[in-house]
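Shared between the two complexes below is chain A, which has chain B as its partner in the first and chain C in the second.
After this line comes the complex of A and B, so read on.
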């Protein structure tokens, strides 16, 4: 009896166990399904947009074969080769970051400075950078200066203020100088100083001076050669200083520090070379290319509302970059400052503690307020109260800055919170003050998290449409904004307008192509965030 | 690809070389240099410079967009700023506060708007630029109907009658419920339809409320093409560019012969739903800005060109309209213009 009882018991138990297991498996399946619904529908959407923009169906098979042979196969083979060898992979990653980072930096710098006028940017650049450098030099040469830190900040602000006053009178006479000289001052001089300092710190002052001098001389040589051949000297100077110099520096350093991975440096050049070779072959043999809307015209020309193949969004792209760039200048110091106060200084108890908690709850809620509401706030604040014109860069940047402020604050707070308290206590234990602890211990630890959060906020801002519509930012302009107080324009607005165009090739061709451009801009920002985070993450 | 830009400005040359070089990347630097020898400034005797801000109707936007593009190509120093705020939105938020130089409108300026303009010291200068034919559309498979009278349209859309079924309006039509699509109440098209078709109503609303209202013409066409018993109305420009998606109805008024929607019919006045498109200039700014005067003159003349009909789908201005617009411009420059309805 007893044995029978226990077997029945066991049977019952194992059935219950199996039921439990089944329940667990079903739950897992449900979770996988939930994950897939979101991801798959997003992928389908992106595929749909990309197919409309690229129109791969219109290309001849030969076109696919050519690029498979020159671009896809060699790059894939190289990547596979590099994946197996860690040294090669590291060199490959570094070379990719240098080449594409350099190209991106050159393009953005040139486009933005060209839009804002190189002379003005040069004047502001000189006045904002010379005073702090003088202060820094003074700090280096004399001992025990306690006030140079704050003084650097003040000197930058004063410099910008002075620049605003003298810009008018100076820019006239400065206009006699060629444009490329401004770019030389803005890009080549900093590049030469950077290379010089970096080399000096590793291999002595003399070599540093030679390296810096070589960069400057190279810049002059490029300018001279391009003037002689009639090419665009400004652009070539920028490309030389922000693309060739960093790439050369990184390649040289990589060869020195990582000789085993030397081959990896060829990675980006395999990709670029393949693309160029493919283009040359297609051109040479007259192979039918896809009838795509994602053309150089789209990225480099201005808008045409009648002929889809002539429509371009260059002013809108540069406008978006300028708006978001100035927004970052406005919102990041304020947001990060507020987060540091709330996390590190704000009292935890008493009446003021409750006030701080109330503030934090409000900020968290503000992060979820619809963007249209921020548009109304921007209209009320910048147009009605401060009396700025509607739709100028300052209003647009300010409105978007308010929009991302809560996101910046919350993500910075999160990053500060994740710094272990032991580190703070240890620092206090060594006799450091609160400010010293913050500056030397907490902030460096929190930088990766802060940067990730803030750059993701930038990516959100670049796609915002509703607040810009409310403050009447221009949909169509034919030149990018020429200053902070001139008419702004932004890419999402033109996409929105084109989606109402009567011609179907706009709605189903130009709109998806421009959306791909916007997505690319956003992905580039996210990629920058990841690269910066990984770099800092590794060092600390 | 033949370049359509005869005025190759410095900016465009620079951008082109940016394209060439960014594309060529590293190898491009070593090898080729793009040989786009900068051709100096194009045509255009006097150099005009400054900015021009145009707000208002999204219906007029395609015309303004094309005209400004051409003007900007000839005068690279003039920068434009175009927004699509809707006729009323443009007046209220941009033009009346004094921020824009011109406001496009797909209906005449209202009493209230005029009053507020004048309170702010702005005299709006009217330019009657073109006309748009409103098109009533049904599903391609709606084989029982080819034409409709304005009276029937009024019965369908008026809040006083608001019939459920097609057969409630005309016994020859099927016993099926209506599925109605139209522009949202923020649109100038909506305002015009209310005024021209529905008129005064006994109910305290302008139009029956059970229809799909949207700002996007595309969605109206999609809605109508998705249901055999749907009916909607659209700007003619949208219909001409997408003729296969929906079927346009001929219109009759007061027992007259039905007229097919066309630009000719709208121009001759035989098509009952042709609405005027305007642009209003800021007189003070017109007097102040030379480049604005030049642009408005260009705008007035361009609005009479064939491409307004062929590429945009509106009825171009007649010579009479051009003459009276130019007269208005001259009065405005002299500071003597005064708006009267």
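After this line comes the complex of A and C, so read on.
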């Protein structure tokens, strides 16, 4: 442009400039449009699915007005109020996490334990948790060297093995005991121990014992009261231990540590109270409710291929949770171990360095292998080689575990890489060994990143369908899997199978509703991961 | 570990123990890293065993050059129709995702404010996180009728009156219930983040001095972005393209649900007809075989492994290619 400057042709120059500017602006607009087009089209499709599932058109305007008044407006007002005050906002977030996390935890625990039979879970739980506790107690009492870490692992495995042997003989006599006692042992006892130790660490041993005892006594009281009134004692015991106790604990802690934000604790209760009040008003005045497919039936009943209003996906939801949960047990230790080896142990040069490079390349290739191929691997490995039955939980979990292994490894590696080297050097300088540095310094720093990656891997696994189809997991079963070696089922499979049903109440009703359930599960996981990343995120 | 800091003798004695213990831990985690190699070996063994047994019954030449895939009825195992189906979806989804993904990457790397980036990046990641079975359902139930509302469109290539076969006019007919177009659209949407995130990494890795140099010479932001940053990041962008295409090739549920189960050789010369009709990809054929238990362990069952082997080979080659291209770009700066 130097020549144009000297000619002084101001008019021509400004026209050219304006053209340049216009071009730049148009380009930027095009870029924004391109960035948004995928997101917007997905949102439009989600809107179609939600409208089909929820059917807002069938509700009377009064219904919307009631919930606007009782639920939406108060919650929005409260959120706006909390946003402006950091202390209130923190308390609000903590309360939301405790209340809804507790509710979700209770529901999942009850559903999974109920499916697997509380007696069996209790036996396995006792045999898998007592030996490591004994090892820990032994470690406390003896000064000095012991392979405590490996011993804990071994003792858990031995405990599970023993449980597998004695499960048959014991579960008979144990069956005399009421079901709620099992839940009490499985949920209330750990909750009481947790509350007890947490309180003891802050306010002395005596207060801790009192707090733990109070939780246990509360659990017994709830069980007694529900038996007296004929309610479901097991469910109430779980709700008490996994919802009421954590909420109470968090509320109490928050009141103590964050008195300025005390009001924020009301957040989730404004939401829940609004929903209940709305429901009561709708009931009282006989307001026409929407003819929605997102009903309790959907999440509490089993599938019905003929009548859409009776169709539910309870077995599939529980099956998905069991598969993904057991998959996490199988895949995460291996994945995190492999990442630790590659990041912290593997040398950069020499034969083993080249081996590590080979491992890295191999992992990035595994990440690109299509999921159907993992299905074939699972088929060959579990059904042909190990001779497992068709489509059982172990095969499904194992197959998905192999599939997400590269994701877990890569995200854990990133988390480990973002831990500054100064910390490691500092720890070595204090005389700590490599493993001590890893356990006491590096891993605690890397936990948020690892957690984010593993939750995203879980979210990926819960929607995965193709490998499950290949290993022939059953689609429509009428009860959730009753054990790790019984036939599995999963929510995405039901959506796949039901998509062939062309009846409008299925195609534009129950199936979108099931899709909403699956999307909710997946988006909840993604949101949790993003929240953790934003809260503890470290700029590299 | 407070008891470690005892007297000198104690720590000396302990060190041998600590060394042994640490060696044990080191071996444990090295074993878990080694397991990943076993997974690859396992995939190759699992696929090759049955695939080779299949190819000993059906000659590989007949498999790779046959134009009829009809395992049950005609006992005919020609893979070309399936490859054609896979190619159709891959090409059209790439036509959607590659430009959009690159544009999104340029926006995120060069133009977006920090706030915009912190919202848009996770939002784009969600596109890849939605279960593919839901994409398939949306394609089947919502995208197809939505697009079908605009069809058919006929594009007159040759002036009217010229006597020519009807096949030579480009006509986009109405969509069938199962069609490749809706499948391509959703696969395109789902691979956008693959392109955008890897490309954005490549664009961000271009050193700022190059941009400053461009501005110093009087370039506009448009010029800097398109003539300096994008060309410097070519290899990273190419790598992202290859990975995205590899992902589209391996995509299963969306194409199975939206594109149907009828293997077809491609239509020529009216290529648009391929989009409007049902066909079958390699992956969909595998799902179909797996879904029908009745095939037992005959050649049809083993054909599934032969298809898997083909798919694995294609995606492996593409992934290695992407990795090689990416290596080059990493070394540049």
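In the analysis below, the second predicted complex is superposed on the first by the 495 of 540 C-alpha atoms of A that agree within 3 Å, B and C clash if a C-alpha of one lies under 4 Å from a C-alpha of the other, contacts with A are read in each partner's own complex, and residues count from 1 in each chain.
The rule is simple: a residue touches a chain if its C-beta (ideal position, glycine included) is under 8 Å from a C-beta of that chain, and two chains touch if they have at least 3 such contacts.
Just so you know, these numbers come straight off a predicted model, no measurement behind them.
Annotation: superposed three-chain arrangement on chain A; chain B versus chain C shows a clash.
Within the superposed three-chain model, A:37 lies in touch with chain C and out of touch with chain B [touch as defined at top]. Residue contacts after overlaying the shared chain place A:272 against chain B, while chain C stays out of touching range. When the two structures are aligned on the shared chain, A:99 is found in touch with chain B, with no touch to chain C.
Using the contact criterion defined above for the overlaid structures, shared-chain residue A:463 touches chain C, although it does not reach chain B.
In the superposition on chain A, A:300 makes contact with chain B only, while chain C stays out of contact range.
By the touch criterion defined above, A:117 lies against neither chain B nor chain C after alignment on the C-alpha atoms of chain A. With both structures placed on the common chain, the touch criterion links A:90 to neither chain B nor chain C.
After overlaying the two complexes on the shared chain, residue contacts for A:337 are found with chain C alone; chain B is out of touch.
The partner that reaches more residues of chain A, of the two candidates chain B and chain C, is C. Shared-chain residue A:380: touches chain C; no touch with chain B.
The interface of chain A with chain B overlaps its interface with chain C at residues 379, 472, 499, 507. Of all residues in chain B, those touching chain A in their complex are 4, 11-19, 21-29, 33-35, 37-38, 51, 53, 55, 58, 61-62, 65-66, 68-69, 72-73, 76, 79-85, 93-94, 97, 99, 215-218, 235, 237-238, 240-242, 307, 311-313.
Contacts from chain A toward chain C in the complex involve residues 1, 20-21, 23-24, 27-28, 30-32, 34-35, 37-39, 41-42, 45, 48-49, 143-145, 147, 149-150, 333-335, 337-338, 340-342, 345-346, 358-359, 361-366, 368-377, 379-381, 402, 405-406, 409, 431-436, 440, 456, 459-460, 462-466, 469-472, 492, 495-496, 499, 507-508, 511-512, 515, 518-519, 522-523, 526, 530. Listed in rising order, the residues of chain A touching chain B in the complex are 99, 103, 106-107, 110-111, 114, 226, 229-232, 234-236, 239-240, 243-244, 247, 269, 272-273, 276, 279, 296, 299-306, 310, 314, 379, 383, 389-391, 472-479, 482, 486-487, 489, 497, 499-504, 507. On the side of chain C, the complex with chain A involves touching residues 1, 3, 5, 14, 17-18, 21-22, 24-26, 28-37, 39-40, 42-43, 45-47, 49-50, 99-100, 103-104, 106-108, 111-112, 120, 122-127, 129-134, 136-138, 140-143, 189, 192-193, 196, 218, 220-222, 225-226, 243, 246-247, 249-253, 256-257, 283, 286-287, 290-291, 293, 304-305, 308, 311-312, 315-316, 318-320, 322-323.
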